[in-house]
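Down below is the structure, laid out as structure tokens.
When the chains are written out, they are named A, B, C and D in that same order, and each has its own residue count from 1.
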Amino acid sequence: MSANRLEAFSDGVLAVAITLLVLDIRVPPIGSPGSLGHELARQWPIYAAYVTSFLTIGIIWINHHAMTNRLEQADHSILVLNLFLLLSIGVLPFATSLMSAYLKHPQGQHLAAAIYSGAFLVMSLMFSALNRQILIKRPHLLKVQLSSGLRRRILARSLVGLVPYVIATALAALSAYLTLAICALVALFYALPMASRDETEVG
Amino acid sequence: MSANRLEAFSDGVLAVAITLLVLDIRVPPIGSPGSLGHELARQWPIYAAYVTSFLTIGIIWINHHAMTNRLEQADHSILVLNLFLLLSIGVLPFATSLMSAYLKHPQGQHLAAAIYSGAFLVMSLMFSALNRQILIKRPHLLKVQLSSGLRRRILARSLVGLVPYVIATALAALSAYLTLAICALVALFYALPMASRDETEVG
Amino acid sequence: MSANRLEAFSDGVLAVAITLLVLDIRVPPIGSPGSLGHELARQWPIYAAYVTSFLTIGIIWINHHAMTNRLEQADHSILVLNLFLLLSIGVLPFATSLMSAYLKHPQGQHLAAAIYSGAFLVMSLMFSALNRQILIKRPHLLKVQLSSGLRRRILARSLVGLVPYVIATALAALSAYLTLAICALVALFYALPMASRDETEVG
Amino acid sequence: MSANRLEAFSDGVLAVAITLLVLDIRVPPIGSPGSLGHELARQWPIYAAYVTSFLTIGIIWINHHAMTNRLEQADHSILVLNLFLLLSIGVLPFATSLMSAYLKHPQGQHLAAAIYSGAFLVMSLMFSALNRQILIKRPHLLKVQLSSGLRRRILARSLVGLVPYVIATALAALSAYLTLAICALVALFYALPMASRDETEVG
């Protein structure tokens, strides 16, 4: 399969997933006890989780393009690993809903936060697994041949992206707010347009 | 990244966002007190907000194309600014829901209207910021080199598009209906097919 | 704007609208009085309206392609008329929901049926309006120049497609079931693969 | 119609359907009797049905590409059969919801399971019907002419894919869990990246 159609389908799934996130932002029901302003302010975890997830999916899209753009052709193993990556992205609207619903609840907040950053961690693992398949196992499918050293450096960079999500997931037991803050900072770090950075690889 | 894939992903997000708006139009529950005709007529704010948002997103799509069509390549700064523009478009289904739910309620209508036109204002600001990045900061990425004067005129035109949304947001404190009317008129103004107008730039 | 991007965005909206229809098919709540089989059978109007709307949108997609495929370029008037066509398609999931919810209710069934086939009628009108703009007003944007007679015949064929929807809408006052049956028959008529028919134009 | 646009629209519908599946994964309501962990664990049928449906749609996408990639042009019969295939894919989010809602309920579980694997069976039948139309009835539309024997072997392979779904549907009367397990195993079988397999055809 040409890499173009792999990109087109992945773009579609990413575009739908990123846009479905908005269904999580609820309109406060008419007749809520507080004023509309108060009710909207109360649901700030929804906005925080929304923006964090939106930017994270957006960055994955940028990196997904950088990855598939190197490909001339995709074989069955790449298609299937890409499908597992899309699966891990497809559940993000659920993980985001869970996080925003439980962030302020003493009972479930730790588990919800662990699942939230855990979902980003799994997505990053899938991304790295696909990257590894392309760069290490199927280098002959690349458009331009890259040296073995360069291919390993690109893969190592995508593995570095796992570290903050491991930390965020571990710290969920301590504080759900901290977990959300780390995930948000990771998204902002990669999203901030730095003039000096030509290409970013986050997994 | 080639500008083509930037367009494809943006088209996807815009197409999903514009189509999701319909989820806001509710079927009156069986057993409502009034007749079906009465119940459908009662929810006219939903239709007004729906059509306004649909046309506004549609016009943004037309203008987004005109903007990215000038691009040969997109660098990281353009990808990230585009992502923030998509974020501001992604929340429009929520702002539209809020507006249509609260338009007729004396309590929340002013805030809901301010958020509604405020969301269009933020979207226009993001659009202008992206336009500025392309035209002023990254002119070397354009397909065809444009004179500095022409580039500034195109940008100025997109900034003019901000004005009605500033007015509509300010007037929300006075009347939510007025705010909606201004937003609807802006959408209709740009949508009306004028034979004499070849290209329109609204931000 | 090149006709390609007009197609890509329209394809996106049509693909989302056609797939969103499924949200209307409800899983009977656990603990419903009847057996699952009985509950599923009871909601047959949902399936009838779903299949009718799905096929109708699918046929519009086929015809939309036949129409835009003739275009080399799209000007502002074509973009805006296409946007109004997409608007009329975007409300179909709502009209479908309304039809399937009220088909069996003596109170609202006539109005719901009139709105359902009326929505198809409006969509067909928008389709014909766009077709007319392309064929009669902007023939110089066509890829291949067609004779005036041929252009008028193509347009006439798309106008013929309006007739059954006019009849179906008028008959809604008599019987909602009849209206649904006509709309379903129109969809099936155009969908049935006839070996002898090379190209079909339904509006 | 060129096969490209057939692919683009089909990709769109598949991408929306596969991503909509996530709407079925519910966030346990605040104030549920058990802990969040317990509540999340209780809804394991949702995850099982989600992953099974996601992978199945993903594999259909891979095979759909392999099928349409052979096409140079699509005629009306191919477009309409493809539309029926998309219709059968479009209902999968409903079938998945039904399966995950009723899997643990003694009353409805057999029917729900039969509908679930029955939906995959219908989808496979539509896939084979489209494949047959392309390979046997319209071989002149292929990009590269294939021998009659090879075309029949490709079709036979896609028919073999029907067998497990026939068995799973028949066994639903015995055990809904068994039906789900068979569907899940089929998806995993085709998804497992086998280095030795270059191209897989599952219908």
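Methods note: contacts are C-beta pairs under 8 Å (C-beta built on N, C-alpha and C of every residue); 3 or more make two chains touch, one makes a residue touch a chain.
In this text the structure is predicted, and so the values were computed from the model without any measurement.
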Copy pair chain B, chain C: interface residue numbering same or different (half cut): different
Angle of rotation relating chain A to chain D [CA atoms, steps of 5 degrees]: 90
Greatest separation from chain D - chain, by CA centre: B
Inter-centroid spacing, chain C versus chain B (mean Cα positions, whole Å): 26
Cα-centroid distance, chain A relative to chain C, in whole angstrom: 37
Per-residue overlap in chain C, given as positions that touch at least 2 other chains: 8, 12, 15-16, 20, 23
Chain B - residues contacting chain A, complex: 1, 5, 8-9, 12-13, 15-17, 20, 23, 75-77, 79-81, 83-84, 86-87, 90-91, 93-94, 97-98, 101-102, 105, 107-108, 111-112, 115
Residues of chain A that touch chain B when the two form their complex: 7-8, 11-12, 14-16, 18-23, 25, 27, 30, 35-37, 40, 50-51, 54-55, 58-59, 61-62, 65-66, 69, 191-195, 197-200
